[in-house]
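Note that the chains take the letters A, B, C and D in the order they are written out, and that residue 1 is the start of every chain.
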Amino acid sequence: MRQMLATLGIVGVVILIAVPGGVGAQVAKNMAAQSPWGPADEIGTLNMMTDTSRLAILKQIVSGKVYDLSVTLFSGMPSCCGALGDPPYHLWMTHTPRGTLAANPFKVSRQVNERVSYSGDAVSMYTHTGTHIDTLNHFGLYGKIWNQFSVDDHLGDKGWSKAGADQYPPIVARGVLIDVAKAKGMTPLPDSYSITVADLQAALQQQGTRLQPGDVVLIRTGLMTLWPDPAKYQLSNQAGLSLEAAQWLVEANQAMLLGADNFPVESFPSKDPENYVPLHTYLFAERGVSIIEVLWLEELAKDQVYDFVFIAAPLKLRGATGSPLRPLALATQR
Amino acid sequence: MRQMLATLGIVGVVILIAVPGGVGAQVAKNMAAQSPWGPADEIGTLNMMTDTSRLAILKQIVSGKVYDLSVTLFSGMPSCCGALGDPPYHLWMTHTPRGTLAANPFKVSRQVNERVSYSGDAVSMYTHTGTHIDTLNHFGLYGKIWNQFSVDDHLGDKGWSKAGADQYPPIVARGVLIDVAKAKGMTPLPDSYSITVADLQAALQQQGTRLQPGDVVLIRTGLMTLWPDPAKYQLSNQAGLSLEAAQWLVEANQAMLLGADNFPVESFPSKDPENYVPLHTYLFAERGVSIIEVLWLEELAKDQVYDFVFIAAPLKLRGATGSPLRPLALATQR
Amino acid sequence: MRQMLATLGIVGVVILIAVPGGVGAQVAKNMAAQSPWGPADEIGTLNMMTDTSRLAILKQIVSGKVYDLSVTLFSGMPSCCGALGDPPYHLWMTHTPRGTLAANPFKVSRQVNERVSYSGDAVSMYTHTGTHIDTLNHFGLYGKIWNQFSVDDHLGDKGWSKAGADQYPPIVARGVLIDVAKAKGMTPLPDSYSITVADLQAALQQQGTRLQPGDVVLIRTGLMTLWPDPAKYQLSNQAGLSLEAAQWLVEANQAMLLGADNFPVESFPSKDPENYVPLHTYLFAERGVSIIEVLWLEELAKDQVYDFVFIAAPLKLRGATGSPLRPLALATQR
Amino acid sequence: MRQMLATLGIVGVVILIAVPGGVGAQVAKNMAAQSPWGPADEIGTLNMMTDTSRLAILKQIVSGKVYDLSVTLFSGMPSCCGALGDPPYHLWMTHTPRGTLAANPFKVSRQVNERVSYSGDAVSMYTHTGTHIDTLNHFGLYGKIWNQFSVDDHLGDKGWSKAGADQYPPIVARGVLIDVAKAKGMTPLPDSYSITVADLQAALQQQGTRLQPGDVVLIRTGLMTLWPDPAKYQLSNQAGLSLEAAQWLVEANQAMLLGADNFPVESFPSKDPENYVPLHTYLFAERGVSIIEVLWLEELAKDQVYDFVFIAAPLKLRGATGSPLRPLALATQR
């Protein structure tokens, strides 16, 4: 593994032993790490992508069928965080043909207003709405985020000057689906279930999928079968990854990016009384790994497409802690 | 041309003669067309894409370098429509580590609030902010949009039930850049300049680029050299396509989608006293052609990449008349 | 009564017989009335106020104790209409001392940023949030509001050009509290209870209060004892006025303005299968009577202050269908 | 003056000498004061109001004519702070009769949707929009506001837990207009003009008005004659009070509350290189005096009403740094 780390430019800032439940995690917990990609780094493991890595995976595309891994955004949709005071998704019309006729905002003739039927709209939302990416500034530890950028120096009233969604490159990489729900024969996984390393290993074996460094690893809990009922698909008790499983993916297997079809990727509520989002803080602040949440993986799962090109590009919202996202997948050779 | 139309399933709903400045356009103006793709069609020419067309162009990728064709969204950025009463881009923090410590919204111990440094934010914006796609419901004629869906039947207070951004498929197609600014040796093009058919033809010839049916055609006016100064990059007087040039692209050359690096794709202000956006209504309501605005084409232009895979996926904002977009380009064989 | 109407300048546009449950109301239902105050009138019965009426009631003030009849607005507060897609109350910081230090938006020295500790905030809300007034354009009948202003001619995308909150005068008038909850010995009144004319008469008698033309009549259902629990204080099943009771107040007694401590003033759900807000449409479109909702009447009730000066001034939100309000009361001679 | 201070319960926390241009201000500058009204005080000088003071002034009302001291709020109105990234006033429709017919959000029959014509709207704005009050938490010094409440302890992501608009009592007090523009014969006062103590004294003498402790003192610069042109009525260069004039009003004359018809009450830009709002920080943090901005004083001035009851009640926006306001005035005996 040391060699693999070296290849990736990681020189062992923190020594972690990926034994599920082991002490490795304890060592790291509670401090934001310095980036092995240098003091200016804001994107963590996304540095693993290169022109070469992108071309290699694009060359393996075997079909022009595009899988859409996102959900529709609409008023009344499930929201992680309405109860925490975050604004719900809201869309409203700012221009309508009828309103334009009645109020004539452009001071043109009635004839023109009758001809030109103008509709326009605006949206407001928590940036973590629908399918979205969490950027590394979303959670830190003790006032510092990934690469030790501090709240005091970098968090303004219009977002972070570091690690914002605007700094994120387009993501074009090998993607892998791990259909844990299918492997365990439980769709969705039970409330608050914590996916173990063994669960991941069993699913991968069953699928015949092998992980590679730099993968975008997407976990299917089956919770999207409850979507979009806000009473059923809700943050408080969703199944998701255990901390150990996340560690196994990013440390033992060098996953570049994790995603899931639930709200928090990790299982909720947290098992750690000292941290209500232990996987978030671990991935972001300690490992520089971003995550994608609320993914629509049902078509991939149905077609048993486990290997694919993953393509996604966050909106460049300056300083934001996340961005709505519409990731795509195209099947590749296995 | 009749054959080409037949190939595309278009059976001559409206007869148009693509003579620049000719009378052809007069015939068509002023009515929303029925779609040749059937009464349920909401996406117009995007129906030209198939698994086959996508795979064909993806197979021609020659480099893993990804071009990002979008601008950053930030408070104070240029806006097409603030003067028309549309809300500017706004991002605000809904959770900060400091605020969480002071107000303890989750009712946890101070120790936990010190450990877990939570940042979250929300955004509001006109959907036509930054780089974005205009969907076909954005402008209609006489109360009807593309495929004759009517305002009365389909425009609710939370958007259109037809032709919304949520109905748009991911776009994976051949892209072509026409660098008009470079060909004409004027960067940017002069205020309100209307790009002619001859301008396009000259630029294409100079570049050695050939258009193909189904292309995403991106026009460079050079106006992005004024970005992001709101005093210089503004809607009122931007250079853009003439109606005739747009007709030549979508009728004579079967372009699937048009885009440009200015606000309105077309030149502003309108030359038609009866219509303040003649190219918009023509493209959307009469031809079913969507457009992409405020594109960042500077890197493509600098590298002289004129042929590429164009990849973009609007956020699925239910019923919306547009969506912010982050399109990507990867160079292909010429 | 004819004389009383004449005094008030009402000349019998619609003949209504104020027999509770009688046929009078049937005649009027279903059409927006013309205003007896002329074709330009936008405020209905608020025209009853004059300098003379205001001075008369102000002269009767007997105490400098001010009763605050409004609730606090806060994130998470009960909302009539979240389930209908209206945005909840939301307040966010746009400037903080910490953020100003980190981002230095004004380009001043660190010294200045340390000295000047700037906090600023923004709000968004449905206009019918917390204690608020409904203006006459809030509900109409068959596309027309009070005084037959039509949706087609007067409803633009930034509100109505008629009867908006900006047209409303400050309200200074005699106020009367009718404590129905107390009179009936049920606090709060049972779910969906419809207050009858007899209920009002009994409470008035018990209180020793007499109604006068031009009164602001406030009804206490006792529902504020459930405030601010959103699970208990909710629109769907609240007690309120019956249509007959409202008719008795505004026709037989010439009340100028009605208010209550519940969400809809009327009882919910509606008993009329053809109209989900029969009291709203009756009061606004047929009688020109505005209403005030979500009033805090607990202190008045506790102190048994049944006669008072009522003072309130809607924010002049142009074209709005309502406005948050902070009404005041000062006890007067009885 | 010492006696006057003692009467008001002020016991000399900071020694200030009210000599215009003198050194007094230097002593006080740069620290937030403790309140003489005790450690729980959040409203400063508004504590000067009592039932007795209110009744006394209400008893002096001589006319029922109500002066409305507020401006209308509308899209496109002048804004202090758009350039600082604060959201402009925005109102949008969330329910319209046409939209309800098209989308049927309540799942009722078409018949019902035709009958019940529902209009609803929402607003968003910086809390300091139009006529508004600034609360004491709006500006502090060195991380502390009035009464030494600190940013660290009391500023959450949904506002301050201290000195918010929700804590403000209704204001009913003697009001005085000082028409400086008229007295100086310059309407409006010149750009950036700083009103002096002598200016105030001259105007008061000319009007025959005498200040009393506890007054709400409103200053007319005449800038409202430029309203509502955003190009002319703008923050950057408005005339207003000098720091010395403000000191004279609140220290020598015990004014309870200051207001003006400009954006910042004080003159802009600041003359103090170390503080861009020296009057704000002085009044709020050192003296506990709130201010009201963007007042409409034209009718009062025209009618030469210099003595009046001032009545205003901020919306109880929890934790907010200000609130839109619609103050009223009724003439009193002189």
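We take it that contacts are C-beta pairs under 8 Å (C-beta built on N, C-alpha and C of every residue); 3 or more make two chains touch, one makes a residue touch a chain.
On a predicted model such as this, the values are computed, not experimentally measured, just so you know.
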### Query
Between copies subunit C and subunit D, are the contact residues mostly the same numbers or mostly different, with half as the line?
same
### Rotation angle (°) superposing Cα atoms of subunit B on subunit D, nearest 5
180
### Task
Would you mind pulling out the distance in Å between where the CA atoms of subunit B average out and where those of subunit C do?
46
### Query
Which integer distance in Å separates the CA centroid of subunit A from that of subunit B?
26
### Query
Taking each residue of subunit D in turn, which ones touch at least two of the other chains?
75, 85, 87, 92-96, 98-99, 105, 122, 124, 151, 155, 157-158
## Note on the structure
Per the touch rule, the subunit D residues reaching subunit A in their complex are 85, 92-94, 96, 98-99, 122, 157-158
### Task
Using the touch rule from the top, collect the residues of subunit B that touch subunit D in their complex.
75-76, 82-83, 85, 87-88, 90, 93-96, 98-103, 105, 124, 151-158, 161
#### Entry: Residue ranges of subunit B in contact with subunit A within the complex
30, 50-56, 58-59, 61, 63-66, 68, 70-75, 81, 84-87, 91-98, 105-106, 108, 111-112, 114-128, 130, 137-145, 151, 155, 157-160, 166, 169-170, 172, 274-277, 281, 285, 311, 313-322, 324, 326-328, 330
